[in-house]
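Okay, so chain A shows up in both of these, paired with chain B first and chain C after.
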Partner chain A sequence: MKKRSFADLFFLLFVVYIVLPVVATMLYAFADKWNKTILPEGLTLKWVMTLFQDPAFMQAFGRSVLLASGAVIIALLVIVPAIFVIVLYFPKYEKWIQAAVVMVYSFPGIILAVGLIRVYSKFGISMILVVLGAYVISILPYIYQGTRNSLRNVDARQLLDAAQLLGASKMQAFTKILLPTVYPGLFAGALLSFSVLFGEFVLINLVVGSRFETVQIYLMKKLSTSGHIASAVVFVYIVLMGVLTFIIAKVTKKTKGATNV
Partner chain B sequence: MSYITIEGLHKKFGETTVLTEIDMRIEKGEFITLLGPSGCGKSTILRILAGLTDSSAGVIQIDGKNMIGVEPKERQVGMVFQSYALFPNMTVYENVAFGLRMQKVASAEIDKRVQEMLAIVNLTEKANFYPKELSGGQQQRVALARAVIVRPKVLLLDEPLSALDAQIRKKLQVDLRNIQQQLGMTMILVTHDQEEAMAISDRIFVMNNGMIAQNGTPTEIYTSPKSEFVANFIGHYNVFTRQALEKMVGTTLPVKGEKFAIRPEAIHLEQKQGDIAITGVAQHSLMSGNVIRTTFEGESVFLMEQLHQRKHNVAIGQKYTCYVAKEDVVALS
Partner chain C sequence: MQQICALPNEQSLAGALYYTYEKKEGIVLISKRQAFVWLSPFLVLMLLFFLVPLLYMLITSFQNNGTFTLQQYQTILSNSYILQGFKNSITLSVVSAFIALIVTLFAVYAIMKFSEPMRERILILTNLTSNFSGIPLAFAFIVLLGNSGLFTLLFDKWEIGILSSFSLYSWAGLLLIYVYFQLPLALMLLYPIYDGIQQQWKEAAALLGASTLRFWMKIGIPVMLPGIVGTFSVLFANAMGAYASAYALTNSSYNLVAIRIGSLIKGDIFAQPELASAIAVLLAVTMVLAMLLSEWSIAKTRRKL
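So, the complex of A and B:
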């Protein structure tokens, strides 16, 4: 019994440690006045309203969505077919993808940013495109794991064989059988990638800077001018991530036929 | 010319030879079984026939057409896989209809044929279920329906029943044979289960180490094995060298050959005219339902199989004289 209450206490402390800063920030986004009291003296929507009325925020939000979704779409178009071909037909090359996945995790953003600037700045390529390219590579682990795990759940090679023997072309077998089968894992990987890229700050700030203001750069600027507005940005960000997490959980629990046969 | 002809088929994976000089001739409407232990190359023959694996050398013809270099989807060959390979994102109905959709058959015709096929495999009520909602036996019947509905020239069955429990397997063996005869379809089954092969085949090709060890009807294979391998693989045959057998019967054998096989059920306790007598002490008995297998030890160890009847009971530790008809002593090559 004593052990149990200790465990409960530690769990409570852990939850408070994790949740309190988030709750405080969210409350601050709605706080009218909050100076010498434990809780806000009054609540207001004016900070969130001000944020959504600020064209700079809306543009920054649009840029972040565009950059993150653009990188995810390119990754899906380029990386997914490559993973399929390697896993199904050239499994001996899979170790190279795994090595690339580890490298993506192991490179700190600052090193990557310096490297990108040194290599690409002299070619006259738009640095936004360079960041976009780096983003595509940086989400390789999420896309790879999502696809690979889904392929592991089914005998993908045998499904392809069966479809072809029933008269399907390789492309038809891919689009009608394999893609719908791995879709939940792929979709979850894509959403996860999107949320990671949406919150990315180091690369975009170091390589492009405020010339291309994303939500994160907007947030950093607002930190020095208005804590309430900055908190409102965090609130919007957390809501967006909450929605994405909910969708990922729903999709991965998808009951309709696909996976685990 | 045969409906399916395989001549001089060879297959190597890297430096490893998996098939050597395979020759097979199969007639239209035959139910053929490739029987052999794991790794003997029987599934590779199916994959080569289906076009899923390339051969290293040899000729393959189906219905008079050379199949070398022909894409799997152009071969009109159906296949049922051991793991079923049902499309998990599709219902039973959609799985069965898939092949017809690929052939761009009209929707009304697809619906009619799918309903007919589901009725044949007794799955009409499961049409809207997903594969993971079905039992193993039901999944296998869907796989069979999906492969059969496109009316392939030959249906290849790669150990389709091996993942099922014994009772369902026996029922599906009967269903499979009935469907094959009902449709008059040529089928080639791969299995390592000799009872299954005996039960449903018109002819059996016994394979060992990438070669065909023997082919013939189930009766031919069972009663006249040509080699020690076949004798051991298809039953509990007693295999003796000439020297050992002559020592047991106490006389010179009037037949040629250096090794001989005797079916355990050909050995009995009642003497008939012209029988050879062999003696041994009963060591132990094993009852498997309707059959009792008794091991005797005399000059050599031998096994006797008798129906489970009171008159066949033997006392362990007692010496018996057993008998076998001369024609049941099979000379092996």
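So, the complex of A and C:
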């Protein structure tokens, strides 16, 4: 019994530690005056209002959404077919995709940035496109996981064979049978990728710099100028992440439920 | 059965098709050209934005004005400032990974006793906070513990001596932030490892007269050990490669490997590309070793479970 309460203490510590900074920052975004008391003296909407009236923020938000969703869409169009071809038709080469996944996951932005700048800075091509390309590759682990899990759950080869035996063309079998089965896993993977890229700072800051101001770079600038505005930015960011996480959880749960039947 | 199923198609598409015979998966039908068309865009992107830059970085690290040399590596080994950066990064990564691992080991033990829906809620919360890293995370800690942070002011008001002398913009402050972003990752890695400990094992051990403590010491922890080692090395690599939060908090003033690399390549001025590449190669080697260790340990755990 004593041991149980000991572990519970660590659990409590864990939860408080990961929740407290989030809650404090969100509260700070609505605090009118908060420098002498435990809780803010008054609540206000003016920081969030100011933020949304700042065209620089709205543009930065647009750029972040554009860059992250652009990379996710390209990844879906390019990586997913490649995974399908490998998993369905050349399973013995799957270990190469897995090796690529581990490598991409192991090399952080700070290392990749050195190589990207070294190779592309002298060609005069847009460094934004270079970052976009690097983003597409960097989400390979999430896209692979999302696709692979669904494929493993349904024994995709057998489904395809059955569909083709019943007279479906390869294209029909793919769009009518395979795509709907992997769709939820892929959707969750895509949302996860989007939220990871939306929060990316290292590559965009080092490779492109402030010429292309995303939400993260906007936040970095506000850090030294206005604490309340910065916390309003973080508030918006957390809300967005919260919505995405919630949808991912719902979709994943549904997938699990469906395949257990 | 599957082979028979695949046969009609095989005959109707004969000639243009490429067959591969797989023992379990039936006969596979796809032309080589078709496969190549679907694979090539991915391979091109992988080359352009991953393999070529990393390879070029490796080559650059052995260069000085275009000639082959080991000079960059000699510079690193004789430069106490860069070496200190490595030392600081390794210490910070080891300590933060260790703290997160210990806290999470106990926390997951407690979580396992909750009901299924409750556990799911905790996992969702953890997933949410795993996105909370980099600049927003550094800022959140500034709000709490910065120069005019909420707790800083409270500690001053209550005159808690030791706590009010705490500075967020130091090693201790960075440690708090690093532990923060390690916790969700540690939970997500340890949870499935705990989950693999079967209830039957506990019951069997209990029937044979083992106490809970004895079960964990003799069975539970030995079974999980490779997984725990693997988790530790992933956490270590995670911290070694982190850049944004330290950059946001100390504005490049605290000496870490990632910060060193960043300041050597920042913006358009590419001051010492060869040196930056050599440091990045050494960092990459450290991380690849850590990841290989974790892959190996996790594979070992899977065999046991």
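Quick note on the criterion: the second predicted complex is superposed on the first by the 250 of 261 C-alpha atoms of A that agree within 3 Å, B and C clash if a C-alpha of one lies under 4 Å from a C-alpha of the other, contacts with A are read in each partner's own complex, and residues count from 1 in each chain.
Throughout what follows, contacts are C-beta pairs under 8 Å (C-beta built on N, C-alpha and C of every residue); 3 or more make two chains touch, one makes a residue touch a chain.
For clarity, every value in this text was computed on a predicted model and none was experimentally measured.
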Chain B versus chain C as contact partner of A:241, first or second or both or neither
second
Could you figure out whether chain B or chain C reaches more residues of chain A?
C
So, A:154: does it touch chain B (first), chain C (second), both, or neither?
first
For A:181, select first, second, both or neither according to whether it touches chain B, chain C, the two together, or no partner.
first
Tell me the contact category for A:91 with respect to chain B and chain C: first, second, both or neither.
second
If you stack the two complexes on chain A, which partner ends up touching A:168: first (chain B), second (chain C), both, or neither?
first
Should A:78 be classified as contacting the first partner (chain B), the second (chain C), both, or neither?
second
The shared contact residues of chain A with chain B and chain C are 158, 161-162, 164-165
Spell out the residues on chain A that touch chain B in their complex, using ranges where they run on.
154-155, 158-159, 161-169, 172, 177, 180-181, 183, 256-261
Touch list for chain B against partner chain A, complex:
50, 52, 71-73, 75, 77-79, 81, 83, 85-91, 98-99, 102-103, 130-132, 146-147, 150
Which residues of chain C touch chain A in their complex?
2, 5-6, 8-9, 20, 22, 25-26, 28-30, 35, 38-39, 41-43, 45-46, 48-50, 52-57, 60, 103-104, 106-107, 109-111, 113, 120, 122, 124-129, 131-144, 148, 150, 153-154, 157, 179-180, 183-184, 187, 212-213, 237, 240-244, 248, 258, 261-262, 265-268, 270, 273, 276-277, 280, 283-284, 287-288, 291, 295
Mind pulling up the chain A residues that touch chain C in the complex?
3-4, 6-11, 13-15, 17-22, 24-25, 28, 34-36, 38, 77-79, 81-82, 84-86, 88-91, 100, 102-121, 130, 133-134, 136-137, 157-158, 161-162, 164-165, 170, 195-196, 199, 201-202, 205-206, 209, 216, 219-220, 223, 227, 230-231, 233-234, 237-238, 241-242, 245-246, 248-249, 253
